[in-house]
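The data blocks that follow each hold one structure.
Presented sequentially are two complexes of chain A, the first with chain B as partner and the second with chain C.
And then the complex of A and B:
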């Protein structure tokens, strides 16, 4: 069983690398959907396990919410957003892709070495899951600063949230339901507000390149 | 005696099946375009016809041009001898390991690039410069992944690594092996000139890499070059099958029947992997040349992640 969770956690980390290597907004959304699906899968397995062993059904409920929210609703919302603010294909990222991917790898190593002294990792049983999922959060941050367009940054934000959720899931075997639901509602609100902001930026500047916000400076 | 039998069986299997893989892939690609396509055995007919034809050699070319087909073919065959199709027939003490495999393939590739430059045609030079770029980008990922497997099995010999992988049960469930499999699978497409990196069916000067290098060859030389490429492709497929989908440990029989069963399963798996390669080739577009570093970076990082996971998990875990 732990083999399966190890493999799932490395696959989730891999999806963040693929996300970093993507060039177009459409493929960001596709990869994000895939990543959320993997996370829902992990949550589903832990959910079934906790039903069988402890009689708790809340993790399974969270898994359902993830499927509805992150696999279906938010990607569709982003797709719609992307259609409305369609722009020419232009260079979206600051560095080139191989360097970005190397940076991600450096992040994974950094996470491993900074966590290797702590109590959680030295206990050994779940170490690579923790390392992988905390690196997912940090790679999400890196994704946000490496992309110029607003939709890329929304995806980075969602990836950070994915990383936090999977870290909590692996460490605790399911957070209290109210905490998870609260996070999801925050997330939904944030994405919707950001969507509206994307529209506004697009209307005002005919582009969603946030570099142009610098024009507002006096 | 044992190594003689090994060489005999290994060579006959590899030389017999290598063109078949190309035939299967071409057939599936034809189906995807609603064509009936050439028969699966077309490449055998092509090779035998090319063998009978005269070779045309440019007056300005040197001995490199004439020697290269033989060098390319023989390096492919030696590489095939290093990767056993079944661990049952492999001799206990086999000379050569995966570092040898990579360097032998690199030798053949070096001569192929030199011969393409030798005739001084523009396409040859272009093809060899591209091939140099692609191969230098993909070689690190092969070496890092093989070194990780070598660390796990405490040996650089390919047979030893295959035995170790066979004793782990289903390797693809393991986080280290899943990364290395994905990395080697990506490298397979670059090494065998398949679609995300190079299009084997094209003769359009803007896109061809491998075809540009063998453009000047004809007759027997062309046959040897194509046969060599097919053998090299089968070597990589064999490596993938015996490392990541091992079946030898679960065969309960002994003696000659075990070898036959093992080879039969090997054949089925080879056909399956060819089909998967064809399906991937049908469903992807060719990358532009300057996107290939992105793919190579991803392949390298996959192998490096596998390597890291090996240390994160603690070496004794596997």
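And then the complex of A and C:
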């Protein structure tokens, strides 16, 4: 069982590398959908396990919410959004892709070294999984600063959220249900609000390049 | 009783959704905020009498939360009185359409609801999502004017706020992890249970938790270098929202305080949290000092001043002696009241002169005699001049720094405060000299009820500067004991 979790966690980390290497907004959304699917899969296995062993239904419920929200609804929303605002394909990233990937590797090593001092990692079974999932969060942050378009930033934010969720899942077997559900409500509202704002930015600035948001300084 | 606090904003939002007339909306808002304030007063009395209140399983109010809660409720009352005149003027100047008023009120009361929710729950997870929800409910309020600058500010507000708060979630997850095996499953993330069992929590994990929570909620509290959204949001938001988000900084600081109480009890000393808080605090004050000295926009200047004061509160908590925690909590109250007064007067100024540039405004005292006078004295107050209340609490914090033998740190701290005083004096006092050259601005006050609010606030900050009312002192002392873990 733990090998399955290990490989899933590595796959999830890998998906964040793929996301970083994507060039077009459309492929971000695809990769994000894939990543969310992997996370839902991990949650599903843990959910089934917790039903069989403890009779708890909450993790499976959360898995269902992830599938509806992160695998189906939000990617579709983003697709619709990018069709409406994207009228020409431009280069979206600031540094080139090999350098970004090297940056991701550095983040994983950094996470490993900073966590190796605590006794979470030395406790054994969960060590690599935690390093991978916290790296995912940090790579999400890195993704946000490496992209110029507003949609890129939304994807980065969602990746951070994915990283947090998988961290909580692997480390603690999921947060209390009410907290998890609250997080999803917040996430959904956040994405919708950001979506509306992307439209407004596009309308006023005639582009969704956040480079152009530079009126307020000092 | 406590549930009324949540019910009133919800009912108000529903009523707003079904009314079209602006006059009725104003009335609903006024009565809702009055009811909220009355409920707040009753709960405060109960807390003073019984120490803490628990209801509905997840709700818990003690003296620490009631201090921040009362600030929010007072701010709500002020805002609802001020908004009537402010919004009518905005509609008259055609900056807002009459239909937007309903959206404004609905979002404002949702914003209030989330702020109140964050302050009355004991589960750190729910507290987290309530604070995240404050960002979301106020995002459109920041961008209400829907021009280029407002949208830019709102985008930055949402992105920086959400990412910051996401980092805080990682902290909450670590907090949860540190308690596994110590707490029962129905007690997970319960602040009271964490606090009582704090000695048994896993220290190395709780340290990580504190780091993430400090950076995460620190973003919402406006600590440098995560402060960048504050000047943008404050300068673009409508004045009532500017005031409410000023109060919001306290809620984020409150979440940090709750964590500090647990971590320090766990570690048995305040060395770890203290150093971090003092470093973030002094960095915030330094950043604010630099930007205040070179500022050209008075709303942004006030925003940087908020960053400075959150820095002072962080330093007060970081020093972690009974005196310094008392000073920090007292400063939280004083800063909020004084800053609210300044925000409201700056709103009057903005509506009268229609500019945010300091250099374009002259002769404030002649054109707005009451607002101008209060604004001038308020600037002295916020810069830390006696006899106002901000002076009293700043002095307490400074005394506690020197008492705890941080002589060099105290020296730098005082020097930076003096720089900020000079910065405010050099920049803003220009507005009060001279005559207004363009003749098209008529002397005379606008928004009379709002101006009455401003004057009342001024009386309050002067009186509390001279002596602290007994009830307030007791509340702060009780809260201080909670933070110190006595």
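Some points to look at:
Quick note on the criterion: the second predicted complex is superposed on the first by the 214 of 218 C-alpha atoms of A that agree within 3 Å, B and C clash if a C-alpha of one lies under 4 Å from a C-alpha of the other, contacts with A are read in each partner's own complex, and residues count from 1 in each chain.
The rule is simple: contacts are C-beta pairs under 8 Å (C-beta built on N, C-alpha and C of every residue); 3 or more make two chains touch, one makes a residue touch a chain.
Treat the numbers as computed from the prediction; the structure is a model and nothing was measured.
After superposition onto chain A, the partners chain B and chain C occupy separate space and fit alongside each other. Judged by the touch definition given at the top, the superposed model places A:17 against chain B, while chain C stays out of reach. Contacts of A:186 after superposition: chain C is touched, whereas chain B is not reached.
In the superposed model, A:52 lies in contact with neither chain B nor chain C. Once the two complexes are overlaid on the shared chain, A:1 sits clear of chain B and of chain C alike.
By the document's definition of touching, of the two partners only chain C reaches A:215; chain B does not. For chain A, the partner that touches more of its residues is C, with chain B and chain C as the two candidates.
In the superposed model, A:117 makes contact with chain C only, not with chain B. Between chain B and chain C, the shortest distance over C-alpha atoms in the superposed arrangement works out to 19 Å. Against chain A, the residues of chain B that register as touching in their complex are 173-175, 178-179, 182, 293-294, 296-298, 301-302, 304-305, 308-309, 311-314.
Chain C contributes residues 123, 125-126, 128-129, 132-133, 136, 139-140, 143, 146-149, 151-156, 158-159, 162-163, 166, 169-170, 172-173, 176-177, 180, 188-189, 202, 204-205, 207-208, 231-232, 235-236, 291, 294-297, 300 to its touches with chain A in the complex.
Those residues of chain A whose C-beta lies close enough to touch chain C in the complex are 117-120, 134, 137, 141, 144, 150, 153, 157, 160-161, 164, 167-168, 171-172, 175-176, 178-179, 182-183, 185-186, 189-190, 193-194, 196-197, 200-201, 204-205, 210, 213-216, 218.
Those residues of chain A whose C-beta lies close enough to touch chain B in the complex are 3-4, 6-7, 9-11, 13-14, 17-18, 21, 97-98, 101-102, 104-105, 108-109, 112, 124, 127-128, 131.
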